[in-house]
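Okay, got some structures for you below.
Shared chain: chain A. Partners: chain B in the first complex, chain C in the second.
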Partner chain A sequence: MAFTSLNFLLFVVAVLLVYFLVPKKYQWVVLLLASYAYYWISANKLVVFLLFTTVTTFYTGHFLGKSNEKYNHLIEINNDTLTKDQKKILRAENKNRKKRILLTAVILNFGVLAVIKYFNFFVGNFNALFSALSIDTIIPTFEFLLPLGISFYTFQSIGYVIDVYRGKIEPDRNIAKFALFVSFFPQIVQGPISRYSQLASQLYESHSFDYTRVKFGAQLILWGLFKKMVIADRLAATVSSVFDGYQNYAGIQIFIGAVMYSLQVYCDFSGGIDIARGIAQIMGIDLAENFKRPFFAESISDFWRRWHISLSSWMRDYIFYPLSLSAGAVKLGRTSRKIMGAHLGKLFPTFLAMLITFLVVGIWHGASWKYVAYGLYNGVFIFAEVLFEPLVEKINRKFQINPKVFSWRLLNIIITIVLVSIGRYFSHAASLKVAVRMLYRTVAAFDFYDLLNIKILQMGMDPKDIYVLVGAVLILFIVGLLQEIGISLREKLAQQNLVFRWSIYIAAIFSILIFGVYGIGFDPVSFIYMGF
Partner chain B sequence: MKIKFQEIIRIVCFGAVFLLLLTWLSNVFIPKWEGKRNAAVKVASFYRQPTDSIDVLFIGASSFRSGLSPLLMWEQNGITSYLRVSSRQSPVVSYYYLTEALKTQSPKLVVLDAISLFQENDVDELEPYYRNSIDPMKLSVEKTMIASYIASHSETQNVISYWFPLLRYHSRWKEITADEFRYSFIKDYDYLRGAFPDFTNTPLEFPADYMAQVGETAQAEDDALLYFQKTIELCQKNHIQVMLLTIPRLTWTYAKHAAVQQLADQYGLIYLDYSFPEFISEIGLNAATDFYDQNHLNVLGSSKISINLGTFLQETYGLPDRRNDDGYESWNVDLQRYAEFLSENGLSHLSITQSGKY
Partner chain C sequence: MEFLLQLLSDLHPDVDFVINHKLIDDGLLDSFDIVSLVGEINDHFKIEITADDLLPDNFNSVEAMLTLIKRLQTEGD
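Showing the complex of A and B:
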């Protein structure tokens, strides 16, 4: 059931009606049933994977809690008799026990993910290695069906057990409620990857119908549909045509195709998130923001602070910090400072941690070398920013560049968009090889005069579609700009008179209904008709 | 649920404004079919017939549309009739056209197009024809029933897009013209009452094996038969007489005739098949002058059939002659208009009538 389908719309309306009509204490049950119904309709029997993750992570939390209880109990009743050293031992024992429990859960869940999503990738690489080494062994590959949203709910659940392990949250005592936390239907397909501390209580609490909230939620859904259906889906055909048949395109066209893909993936992904957040908001549940106008980013690191925030913050909290703050990293830092000097040596462990983090970010997107390259590509830029920061500051001082002025920031924004779009070659091309060939062709088949050739710049799109696209992107830009300077459009709109407000809503709905790309298309030839 | 009265009013009002606009824009976006195939005005004009003013309902496909003339039957016999026709009409549509008609009319006779029995029923391939039949219908249970029949036989179509065709035709925004917006406020009236007289002529000949193609078999389509039967049974339940009719066409066969006859016998109905050579010579139908293509009569063929049929219907079913009744004045006005229309197209009204009388 796609977010933009009529069936999904009807499903949501039905769920909302039931949600607000049942006694409040059963509201969470409605959400749980709706979430599993949604999962069952979309993924059918693969629901067992969702159940597996739910049960294993719930009991991991449970056992982690038990371990703590046991430790606390021992300390409590023997507080007077235990020596300091004995207490230390008990604490270490508890820690080790918890580590083992945590590790089991992590291995189990990432194991499932690894087998389903990455098994063929690893096997394929091993087979290639074997054949390169003339070893006559071929490991068979399997076609796995990917359970819907597995990358999202696995990371969300693992985040939960790590938080319990770290003592940041108490383990959940109710497996049914916890199942809702893992499966909440608006976010299961594409996130945001929520934190237990932020989401769970909101899901379990009761919520009354609130007109203003419903209105804001509906607006968010509309905005998401607009981005998805008017912009992203309109770009889809041209983008696929470029990435599937880049040989037929001029250098500049391939690059434009990559920029278009950047825009498509942003509008599609953030649009989906807006729909998810809108649905949740109507029910009184605030989902974390996942995007903060990434096309206003002034550097790659700024971009990642604005792009898929729930994933990058997950990676930061659960991979980057543990790695860079680990005892090993501290030790490595000491050594590297001796060898590489103060600046580079201090950064070296961070660099390694960052590299690993972005490697994981890359692989999270999918099992392919192109995603590895995509992760590294981003990691390298972010590290370069940190590494060259003193140098850049020096240059700025020397040439009296003020990095805070508009023109300089605009330049940085444009450069960032270009770099991000080049990154898209890796994430969207069929393979790493194709991505490299596309990059090569972009440069090799680049002709300056193409920049002046309207026909080339049209990318084979219908001019009318281009007008709609330009108009829609302009709206996207203006809304983004207003948000950047801190103006909340929704609140401003809410202050206007009814006629104006309604006109805006009606215009928004009909621009989606008319200009949205959906349905089976209209073939005038099969409809034998004529103008009159 | 805590919701204030004022908020409910707001939601309802907003919904109403939205639905109103959606309905209007749907009308604007419905593709405008080529004149003779366009069921829009014919379907809409049926709603404008005075209540209980139609004695005979012809329900069927294009062969009725080109082969029958209600105004001529009025002129000759004082019969009030209406053609509920649409291109390649499926019996599913026919059935609901009838149930819808029975809300406002109490016909004494319903005449069904036998050709519809053999209408294939691929709802996706025939979508344009279904759309053309249904889009102009008022929002009603009947419309919804046809749409849900289609939706249940299709992967891609849904009922809501039949309620609000904008959802189906939205991609026409690229080609929509200002005229289409203007046209959405104009309510044309089909004074021909469903007929479409064609003034072109393709000179044809009856083939040597006319109606008797070797190896020809005829099997009614399953759902077509089902809904055909439902239509007949509905009429019989409402004490409305039913007749089956075939307008001559060069591709008609004895096998098909036999299949229709069998059904007629099953329900005790009259089946009048004008395709038979003896009928053709009786009414003086001429393949060289009276067809516009091999399956459709032109205006000359249509008047020959209509004049003969009018008399037959009146004698067989005892239909009243309404020519002197009050409340039927518009028929004479429209007949006059038809005469003018014919003369504009180079035919004198008289010659048409006389050609029918041979």
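Showing the complex of A and C:
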């Protein structure tokens, strides 16, 4: 069920009604049933994969807890008779046992994800390699259906087991409640990827109907619908046209198309997240923010602190830190310090870890070389930003450039938007080959006079659509600016007088009804991230 | 304490690390800073901070970091 469909609206209203009418201690049960109902309706038999991950990660947590209990018990009853060294051995034994348990869960679940999502990618590459080497074998590919949200719930569940392993949280004792944590329907489609310590207790607790929270939640949903239906869906047709038929467009137009896609994917993705967070907020549940005004980013590093935050922080905590602090990294650091000198040598293992992390971010998006390129593209810029930071500071001091001045920051923001849009060539073109050809054409078919040619800049769009877009983007910008300054808009709105508030609500609802792109036959343009 | 303060101000000269108690929460230290810091701390104090210890609570202030260091020093004995 798409978030913008009428069916989903009816579904949510029904769930909310039941949620607030049942006795409080059954509220989590309502959510559990609703989440599985949603999953069954949307993905049918593929629910078995969701169940597989739920069961394996739950029992992994359980066995990790048991291992700790065994160790703690041994230490306790033998406290006086064991030497310090013997205690150390027991601790190491516990650690190794837990490592094996954790590894099993990780291999099982990432293995399933890898096979379903990446099998054909690897097979395709092997087949290409075989034919290049004139070997006659062709490995068959399989038609795999992607279970809804597998990239999201798998990461969320593995985050849980790693947190249990690290002793950050206690294992969940109730498999039914845990199943809700894994399957919670507002976030199953496209995240955010939540942490157990942040989400679980909220899901299991009871919540009363709170008018202010319901109001704020509803406003957030409206805002999400506005971004998705008025902006994202309006950009969709032109963006597809450019990316599918770039040979028919001038260089500048291809670039504009990429910028438009950047805007489209932001409005689509963050709009969906807002709808999810709004629904959760009505229930009294806080889902983590996934976006923090990414178009105000002043560097690629800054961008990834504002874009798909739950994914980048997951990668940081479960891949980047473990890699960069591993024994291997320390060893590598000693060697690289000898070869590259103290400064660079110290940074080298960290850079490697960061590159690998971004490679993973890239391929998380999908099984294609273009995503590998996308990951590397981002990684290289972040690498460069950290590497050149001391040099930039020196230059700033020498030329007396004040980096905190508005004009300088604006320049950085514009540069970042350009760089991010170029990155979109890789993430959205049909393949890496096409992305490269698009980039080539952007430069080769670039005519500066096109910047003065209104017809070219119009991108073949209807003037009416352009007016709506400009207006909507202006609203988006103002809202973003106010949020950057730290103003809580929903709270400020609540303080205004009745007439003003209701004018805003009515304007919002009508703009979605009138300017929302409903398409021919009202087929909601499926959320871009639903395919992950 | 001095060693830590020196280390931190080398990374970010314009931040007051004595007063500030939300170094992670307010984004004053980013992931590269943390890795750099941990490397130096591990070498200097002869302990082993791993990814498992990288919780905001352990790095939000200099005091928090000292507490972590002391704990790992006693565990190692």
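In this section, the second predicted complex is superposed on the first by the 519 of 532 C-alpha atoms of A that agree within 3 Å, B and C clash if a C-alpha of one lies under 4 Å from a C-alpha of the other, contacts with A are read in each partner's own complex, and residues count from 1 in each chain.
Just so it is clear, a residue touches a chain if its C-beta (ideal position, glycine included) is under 8 Å from a C-beta of that chain, and two chains touch if they have at least 3 such contacts.
Keep in mind that this is a model prediction, so the values were computed, not measured.
With both structures placed on the common chain, the touch criterion links A:151 to neither chain B nor chain C. When both complexes are overlaid on chain A, the residue A:336 reaches neither chain B nor chain C. In the superposed model, A:290 lies in contact with neither chain B nor chain C. Ranked by how many residues of chain A each touches, chain B and chain C are led by B.
Using the contact criterion defined above for the overlaid structures, shared-chain residue A:317 touches chain C, although it does not reach chain B. By the touch criterion defined above, A:167 lies against chain C but remains apart from chain B after alignment on the C-alpha atoms of chain A.
By the touch criterion defined above, A:505 reaches chain B but does not reach chain C.
The part of chain A that touches chain B in the complex is made up of residues 6, 20-21, 208-209, 211, 462, 464-465, 502, 505-506, 509-510, 513-522, 524, 526-532. Across the complex, chain C is touched by residues 84, 165-168, 301, 305, 316-317, 320-322, 324-326, 330, 333, 346-347, 350, 353-354, 386 of chain A. Contact residues of chain B toward chain A in the complex are 1-4, 7, 14, 17-18, 21-22, 25, 31-35, 37-38, 127-128, 131-132, 156-158, 160-161, 166-175, 177, 179, 183.
Taken together, the chain C residues at the contact with chain A in this complex read 27, 30-32, 34-36, 38-39, 42, 49-52, 54-55, 77.
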